[in-house]
Structures are given as C-alpha cells and as structure tokens.
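A single structure is presented below for examination.
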C-alpha cells in the first residue's frame, strides 16, 4: 500500500521534472512524457528502488534555514581551503577521526554525513551504525566539526522530518 | 576559422580512429578492445558531424530568429549510428561478462591458452 | 524537419492498389521486425517456436509473391513513409534482389521446423525466447539489406542482422561460442564502420544516400581522391562481412561453435547477403567503369578468390571437426562466387549468382545434417563417426548427396554452378582459372570423402549401436534441401533464368 | 538595473571560474588522495555554484534559470555522494592516508 | 566575458587532466575524471550562453547525471574486481 | 514394346533392381534369383534391339534438358549396342560365377554386393546407349561411384587404400580434365550431341582441338592410358568376380568405348586426322602397350599380372581409335569384344584357383593343371586369345588391328603390336607351362590342396561358358563384325 503511494509520489516528481525540462506542451508530447515517466517508475519498481527516501524534504521552511546556514559554512570553509591551496608552503594537517551521529533516522544520518562531505575540509569516509569516520584537511576543521553544531542543527531539522518515528536498522 | 576547421577536424578524426584501431588490435584485454572499438566508431561520427558544419550555422534545433543551421541530415543519421554502436558496445560488454564467467579472465592470451 | 514534397509513389510497374500488395516491399521487412519481440514475452519455448515458424512462413509467402511480381513486372520501387526519394528511403527490388529475398526467405522458412528439436537440445530453456527473437531480427536485417535502395538504410539493416547473429552465435553450447561471437563482433563492427565511412564520404561528395541518385551524380566527382577512398573503405568493409579470403578469420570459429541451425542459416544467407551488397556497390552505386576499369578491383578480387578457393579447400582437408571443415569449405565456395563476379561479365555475374543460390542450398543441407548428427552423437568429429551410416542412414545419405553436389558431380546443383562458372571463365579466356576451379573440386572430393569413408567404410565403435536416426522433423528439412538440390541439377532453367536477368540488370545499370 | 545585474553575474562567473581553477590546482598540488578530495569539494560547491548563479542572473526569470537551478541541485547532491563513494572505496582498497603526524612541517 | 570564463574552465580541465594522467592511484584518476566531469558540465552551460543557444543546458543537465553515474559505475567495477579472483586486464 | 521404351528399360531395369535385392536381403536364394533374372531380362532386351539397329534404325529418346544444349537422352548406335550386348551377356555369366564365389568364400555384405553390381551394370547400359556426351559423362561418374563400394568390399585398410586410389584417379581425371573438355566443347559448339562426322570440325583450330583431344584421352581415366593407369592394379583388391566383369569388361571397356565415341562422333575421324596431337597420343598409347606388358611380365600375383595385361590391351583400342581409319575403328570395336571374353575367362580362372587352392602367386601354381584340368584348360584358351593365336577370338581382332596399322602406314604401331604379342606370350605361357608340365612343389599345404580337386560347379560352369565363347567367336565373328562394319561405314 505505502509502496504504491511512494510509486505515485515518484511519478509526480519525475513528471514534474519532465515538464520542467521539455519546453513543449502539446498533448501528444505530454502523453509521451507521461508514458516515459510511467516506464521509468515501472523499471524502478521492478528493480525494487522504491523506498521511503523519495520525499520532497527540502521544501520545508526549517530545512531551508538549515540550507542557508550550511551554505554560509560551505562558503567560509571554501575560502579557507582555497587559501591553503594557494599558500606556497601549504599549511595543512590531515587527520582522521570519528564522530557520533546523534540522529535517529537513516535519512538524518545521511543528511549529516552528506553535509560533512559537502563542506570542504571534511569528508565522511565511512558510516557504520551511528559512527562516522571523517577525514579532515586541517586540525581546526576537525575541531569545528567536533564542536558538533552541525550535528545539532541536523537533529533539529530531523525533528520535523515526517519519518523521524522510523527507527534505524 | 571555418577553413581552419575544414582542415583540423579530419586530423582529429584520423587520430581518434587510429587510437581506437590500435586499441582493438594491440590490447589483449577484451574490455579495452571494446572501448577501442567504441572510440573507433565515435571518430566516424565526428567525421559525419563535422562534414555537416555550415559556415556560421548553428545546431539544427529549430528556434525562432535563427536562419542558418548546420545540415541536419547527418545529425539524424549519426543519431541512428550512435544507437547502433551503443547496442554493439553493450552486446560486446555483455559477451565479455559471459566470457569472464566461462573462462575466469578477460585476457585474450589466457583464453587462447585455455582453449588449446 | 518536414519533407519538401509529399508525393506518394507506389509501384512504378504494377497498377495494383490493393493495400497489402502495394506495400509488399515494406511488409517483407516489417512482418518479422514487429513479430520478433513477442518471442521474448512468450514464456513457453514451444510457443516461441510456433510463433516464429509461422512468421518465417509468412515471410516466405511474401517473398514468393514479391519475386513473382518482379519476375513478371520488372523492378519495383517503393517509397517508405510516402516521402519521395531522395528525402525518403526508397525500397527497390530488381531481379537480383528478388532472387536474394527468395533465398533468404526459403532458407529461413525451411530451417524453422528443424530448429525445434535441435534448439531444445542445444540451448538452455531460458534462452529459447531470446534465440527466436534474434533469429527473426536477423531475418529482418538480411531482408532489409536486400530490399532497401538507400545506402544508410542498408548500413542499419546490415547491423541489425549482424548484431542479432552475434547473439545467436554466442548461444552455442560450447563456451568457445562466446569467444567466437566476440571475435565476429569486433571484426564485423570494424567492417560496418568502414562501410559507414564509405557511405559518409559518398554523401559528402554527392549529397545523397539513395543508390541510384549517387550513381547518377558520381561521374562528375568520380575522379577525386575522396571517392576512391570511399570505394576502398566500402570494399574492405563488405569483404569483412562476406568473409573474403584474408578477412575470413571470424568465420570458421563462428560457424563451428554456433548452434547447428544458425550455422546452417548463416552459411546460407549471411555471407550471401554480404556478396549481394558488394554487387550493389560495384555495379549499381559505383558503376562497372569506375569499379573495374578505373579501380581494377576485378584483378584483385580474382586473385583473392583463387587464393580462397585453393587455400581454404586445402585447410578444410585437414579439419577433423566436420562443422569447421564445412566452414572452411564455405570460404572456398565464397571464392567461387567472387571469382564469377570478378569477371564483370554478364555470364560471370550470373554464374556467381547461380552458385550463390546453389551453395546456399548445399551448405544449409550439409550443416543441418551435421546438426542431426550432433543431436544423436553429441559430436561432429570425424573420429567419432565410424560406422555411423548404419545407425543414421538417412542423415548420412543426405550428407553424401550434399557432398556430391559440393564436389559438383552431374545431376546436382553444384554441377550446374560449376558448369556456368567454368564456361564463363573460358569465355573470358582465363583457361588456367578453369583448371583451378576443377582442381579445387577434387580437393572438395577429398574432404567430403574423409567423412563418407568414416561413416560407411569403417567398423562402428563400441558406443555406436545406441545411436538412433534423427527425428523426422529434422530430416524432412534436410531432404527438402537435398531435393531442391537434385531438382536444380536436373532442371536449372528457372534459377539460371533469374540469375541471367539479375546479371543483365546489374551490368545494364553499371553501363548506364 | 540591467548593468547592475550584468556586473553582478560577471562577478559571480569570474569568481566561480577562479574557484574552479583553484580546486583543480588543489587536486594537482595536494599530497595524497584523501586531501585531494577536499579540493574537489571546492569545485563541486562554490566553484560550480557561483558559475551557475552567474548564469542564472544572465538567464533572468525563465525556464533556463529553472534548469540551471536543477543543475545546481544535482551537482550539490551528486558531488558529495561521489566524493564519499571515492573515499570509502579508497578506504576499502586499503589506500593509506598520509596524516599530520607523518607530515614533515 | 563568457569566453574568459570558458578559457579559465579549460585551463582547470587541463590541470585536472595532469592529475588524471599522473595518478598515482586509480582513485586519483577517478577523482580527477569526476572533477573534469563537473567542469565540463559548467563549460557546456557557459558555451550555451556564449552561442546564444541556452537549449544546450539540457545536454549539461544530462551530463551531470552521466558523470555521476559513471563515477559510481567505475568504483563499482573496480570494487568487484579487487574482491573477486581472476583479475582481468592489467 | 517400342525400341525407345526398350532402351529406357535397359537402363532402368538394372538401376531399379537394387531396390528389390535389398528388400530380399533376408532370403539369399530369392535375392540371387532376382540378380539372375534381371541379367537375363536385360540381355534379352538388349538383344531385341539388334534387329532394328542392323536394319539401320537408331532408336533415340530425350528425357530432360538441365541447361540449354545439355540434354539427358539416349540413342542406340552399333558400337553402343555391341558394348551393351557384351556387358549384359557377361553379366549373366558373372552372376552365376559370383554366386558360387561369394557363397564358397562366405563373403559378408552380399546384399550390398549384388545391389551395387546391378547399379554398375545399369550405369554401363547408360554409357552404352548415351545419346550425347553429357549423358555419357553422367553415367560415367555413376559407374565410378557404384563400383567404389565393390572395390572396398573387403572393408580392411588395404581395400580402403585401393578405394581411395580408384576414386581419386577416376573421379579426379573426369572432374578436372574430362569435365573441362566437356565445358570447353560446349562453349565452342553449343552442343554435346553425338553426330556422325563430329561436331568440332570448323568450330575450332587444330591447335585447340589438340588440347581438347588430350583432355579427352587423359580425362577418360577408365581407358587407363599412362600416366592415369595406376587405379587399375589398385582396384585388384576387389573380389575376383568384380575384377572379372568390371575391371576386365564394364569399367575399362566403358573407358575405351568413350574414347572411340569421342573420336568418331565428337571429333570425326577425318577432322581427327588433321590434328597433329593425334600422332603424339598414338605414341603414348603405343608406349602404354609396351610398358604395361613389361610390368606385367614382372608380376608374380596372378590378378596383378592380368590387370597390367589389361592396361596394355586397352591401349590397343585407344591406338586403333587414333589410327583415324575405318579399319582402325573396326579393329578397335572388335577388340573390345574379343579381349573381354578372353580376359574375363582368365580372371574367372584366377578366382577359381584362389577359392580352391588359396593360391594367388604364380610361383605357387606348379602342377595345378592336373588338379583343376577344366579351369586350366580354359585359362590356356584365354591366354592363347590374349596372344592372338587361332583358334581363338583374339586372333580375329588382332588381325584387324594389324591390317589397320599397315593400312595407315604406322610402322611404329605395327612394330609395337608384334613386340607386344611376343610379350603377351612371354607373360602367359609360363603360367600354362607351370600348370601342366611342372610337378607340384610337395609341401604339406599343397598336399591338402591335392585333395580338393576342381573348383565348385558354378565357377567351372561360368569358366567353360566364357572359354567356349572365346573359341566360338573365332568361328562365328559375324555378329560383332557386322556391327563394327556398320559403325565404320557411319564414321566415314
């Protein structure tokens, strides 16, 4: 039942994208677009790709706030990394460490890990359970992350995820 | 610009063609042969497309306010040819997969050793 | 892009307005094309077989009607998508084409009843649907190549047939089928790409893809390097496809390890279509003056043909696997056909086409006989066939008949083609060639007789007594072919008449 | 207004281009694979982002801008995924990172 | 303006190519390829604007996905190879 | 029934007989009865044609025309009828002989033996009555194929080896040289019909005609002209009756018969006379006569000696054809018959000796005449005929041949004939002498053989018949002579 709902969501989502990309809106072409969308969804169901991660999470306001914060972080660390790249004596101090992902849901943990990777200077190398192995370009980038602000913010956002009830496994 | 184009596109085509051909002939790895084959075919597609170039013409996608297009027919043909070559490559790679299942290797020489 | 004109052209020759008849050329290709995918959906192998058999017979019926109309009314031109040439794709069937269509459709229809048992035995159940799909696609491609009058369309059909035949070969029971298919795929694709280059250069110089239009516009530009390069590329590419002597390396493995039905089907059709393409390009597109007078391709082909006849026959003598032996013999026989074409005379081309037809009958029968033996004996090695004739009298009798025809003894089709070939060669005054042709038939005698001796004049092995004769469903097709063989040997007027007409048209076009 | 937009977009484009270049240089200069990952992130995030924003300013409110947004979205999501995949693959491939304590300052 | 940008991107691509050729490890090459993919996408987008045919963006869009998929695909292939015996090409 | 149908029946009857023979393979006596009946009917059918032909009738019938100018059809003319009569008559005798031979020898695969034998005779009839060169060629190849299983009948490696040579030489020469000659002739003249006076005259220069003539003479491997003669000794691995009928009569005579037909009806002897190559080929034939005779002299195995003598004797006929005179034609066609009777007698004797005493080598045959008087008497008759002494058939034909050579002023030929006669005597007389005037070497083996006495009745019967025939033909040569003269008249 829920699978069907997800399939329906996916169809909507994909068709929306199709509408965006094709400039033409004659009935015939629309029909073709719908058909191709359905075909893709069919294939996806056959390949068993339909799961609860097809959700338009990035449209919720608080998520938008998180994005803005993350964007600022990204820009800051970009400039920092860029400086170190151009610096003749390249002041970097690579380290590997682990952080605990406090998030309850898989989606939350994935968002956290992705955010870590997205921010230059830190890369999530490995996730098992709620332990994330991180490679940091510099010690203070590592320190930043360890301070755990990002983790909290993700948790806040996760609080209003529809799927927060669903447990890890 | 364009008469220069008229010259160097052939060289690109020839270099690509030779690269692909050499890969097919010289590499023992079946996957690499297929890749070489694909490069070889692609060079021909480039030949066609560059032949279709008309001075000052733009891509043959109909739009208002554009008068000069490149000759569309070669583009159409090459679309077909690309489909064909994709099918060939896919089939070739599928064969390589089966060969690897059967022989445990994708190396031509090892296969010959096993066969005789 | 809207076509500049919308004139709908149907037959130039017949005034038939009947919807089926007026779309015959398209149907010839469309029927197998649209019915191919269904085989994939049919879960039950039996159904897939029944369906594709039905289709192949339908194709044969279409071919017969088409050939009749061409035989009666002359060349048929048909515009696909109702766009007038040169913008639309023209389908064009002259006598030579009709003959080819007839060969392909006939063989395609005859091997189908045979296929059921043999495929059931040689293929995994889950591959059956795929097999029949690819078979019908291969049929489509081969027919399309013959029917189309558009060079690029020809390329596409050629690739459809090639791709499906790669799959078909790879379905052979031994793992070496995979490597054989791979080898064929690589060489075949190179050949196809060469052809594509040639077509591209022709298009660059003449601005059209339609064969006749090219041939009309070629004379102005014929004396350019581009056209010569195009000619060279096309010739080499097609030569790979038809396994002309030095470029035949893919063929022996492919025919040896493919499923028996496919060995028979391809030996009878695939390379033949390649030869047909060569004819089309030499005579229709480039024209006899350019191909033979300017480019001297005749001498080269003659040389390669002789090499093929002698070397391949010699190699065949030393093969212990009979399918491989037959494969090499095919290379030699292709040599015969090319030799006839290389004369560039009406008699020569006619002789080539007659042998093209006859060899299709002979080789198909021989490979099918081998399929029967493989079914019962599980091997096609000469060493395992000692005393086989007692156990499988009908199969071996068919093999002997086919073998005698291959050697070219009188009252067989092989004799007719040999007769025409030798007389054509003599008319052109190449007397040594005549001797070579006949000497090679002695070589054929040797390699065929190795099998006959083993099967008839050796004491059977221990396991031989439990070998049974092949089922009727497989024997009947074989004997149909043998019958056709003997019939042509006794009355060759129809086939030779068609071949003569076809050659006349080709040479006529070339001289235009 | 037009001019302002143009100047703004050019600034973005140029900035983005420069960041892309820097990222590339980083990929070239950094000592080992893991550190190069960070340089790539520079390209994927700010470099790409700025260029796309610059283009959006050129495109104005139109389908083009929407497509650019979509591209941005894709880049932002695929970039880190790819980088992460590379990192974990390298880790499984037993590729040793050169860490600070081994680093001669 | 666009020309300047595209030239800069080209230079970046060239630099990436150097890394791709140098390696030393496979992962470095894939990384470089991935980055070059991103750069190419942007290049195509810019070119679209430069030639006044923004329809090219579709190509760019498709290319984003292709380069991503290809990266993952390559990693998958080599992951499976390093795990399974009978190593193919050298 | 009408002569045309009779002709068809003559060819069809032996070709259909195998079907009946194979169906009866469980019951030997009915099976052999079929063979005997068929041969008898065949002879009667052929004989029924004699009257019309002697009255100048030429019954002809055309069946199909695979290619324009290539007909499959039959026409009866004197030479063909002569050959047919000979073959069909001797088939009856040989059938009787075969039954005795195979049964006392407990041969395996008797059914297939009789089937292929009948098929071979059918092919021979086809050759004899062929209305054109194409039809003749078809049955020529058919004869090779149908006799191959008989040659390899023993089924051991030696037999297979002999079979390979047999097939290789006969098919090889025919598909390479003879077929080339056919196609060439056809492409020059557009027909392959047999016409009195030939079809080539005027269509081709003597030079080309010379090449064609060589292609024909060497392409007809069954005529065993050096260097394409080795198949004949190799074929001796076959059971003796096969050697007797096929390799003394049917096959080899088919070869020389074809040579005569080509000389008369394709070239025409007048045109043949203008061809320089004729002379050279005549020398080749002469050389064959002498060389083969010399080789025969050195053979200790009786069958091999007979085979080599056959090679030598065949070239008499080829030589006659190349004399390009009517007298030569007469001599050649007479020798076909006369040599046939003599040689089959000799082979029968060899077989009888093998059956009764298990001896194959001449050196072991001392005193055998006392043990097998009938057989060795017949052998003497045959030997005399081979040498050409009266009162035997050989004298007649050799006489005509000698006359012809003298007429043609071919002094070398004359010399060769005389020398070869001496050689014949040299390699046959010692056998006779040993048989009668030498005491048997008394080793235990021969002791046992003393007990056995004469050969089985069927064998002796056949031997006596052919020997008697050999003598009778000396006193009543009219029938063959009549046909031969008619032929000579036509060829003028």
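A, B, C, D, E and F are the chain letters, set down in written order, and residue numbers restart from 1 in every chain.
Note that in this section a contact is a pair of C-beta atoms (placed from the backbone, for glycine too) under 8 Å apart; a residue touches a chain by one contact, two chains touch by 3 or more.
As the structure is a prediction and not an experimental result, all values here were calculated from the model.
Trainee: For chain C and chain D, what is the smallest step count along a path of chains that touch one another?
Mentor: When the steps are counted carefully, the minimum from chain C to chain D is 3.
Trainee: Could you tell me which chains make contact with chain C and chain F both?
Mentor: none
Trainee: By mean C-alpha position, what chain is farthest away from chain D?
Mentor: So the farthest one, by centre of C-alpha atoms, is F.
Trainee: Which chain pair shows the largest tally of C-beta contacts?
Mentor: Max contact pairs: D-E.
Trainee: Please report how many Å separate the Cα centroid of chain A from that of chain F, as a whole number.
Mentor: 100
Trainee: Centroid of chain B to centroid of chain C, CA atoms only: how many Å?
Mentor: Result: the chain centres lie 28 Å from each other.
Trainee: Report the inter-centroid distance (CA atoms only) between chain E and chain F in whole Å.
Mentor: For chain E versus chain F, the centre distance works out to 87 Å.
Trainee: Using the average of all C-alpha atoms in each chain as its centre, how far is it in Å between chain D and chain E?
Mentor: Averaging C-alpha atoms per chain gives centres 12 Å apart.
Trainee: Where in chain D do residues touch at least two different other chains?
Mentor: In chain D, residues 23, 25, 37, 67, 70, 79, 81, 83 touch at least two other chains, as defined above.
Trainee: Residue numbers in chain A touching 2 or more other chains?
Mentor: 21
Trainee: Among the residues of chain B, pick out those that touch two or more other chains and give their numbers.
Mentor: 30
Trainee: Using the touch rule from the top, collect the residues of chain C that touch chain B in their complex.
Mentor: The touching residues are 1, 152, 155-156, 159, 163, 166-167, 170, 175-176, 178-179, 181-182, 185-186, 189-190, 192-193, 196-197, 200, 203-204, 209.
Trainee: Once bound in the complex, which stretches of chain E touch chain B?
Mentor: Going through chain E, the ones touching chain B are 51-53, 55-56, 85-90.
Trainee: Considering only the defined contacts, which chain D positions touch chain E in the complex?
Mentor: 10, 13-14, 16-18, 20-21, 23-25, 27-28, 33, 36-37, 40, 43-44, 47-48, 51-52, 54-55, 58-59, 64, 67-68, 70-71, 74-75, 78-79, 81-83, 85-86, 89-90, 92-93, 95
Trainee: Under the stated contact criterion, what part of chain D meets chain A in this complex?
Mentor: Answer in residue numbers: 19, 22-23, 25-26, 29-30, 32, 34-35, 37-39, 41-42, 45-46, 63, 66-67, 70, 76-77, 79-81, 83-84, 87-88, 91, 97-100, 103.
Trainee: Would you tell me which residues of chain C are touching chain F in their complex?
Mentor: It comes out as residues 404, 407-411, 416, 418-419, 422-423, 426-427, 434-435, 438-439, 441-442, 445-446, 449, 453, 456-457, 459, 489-493, 496.
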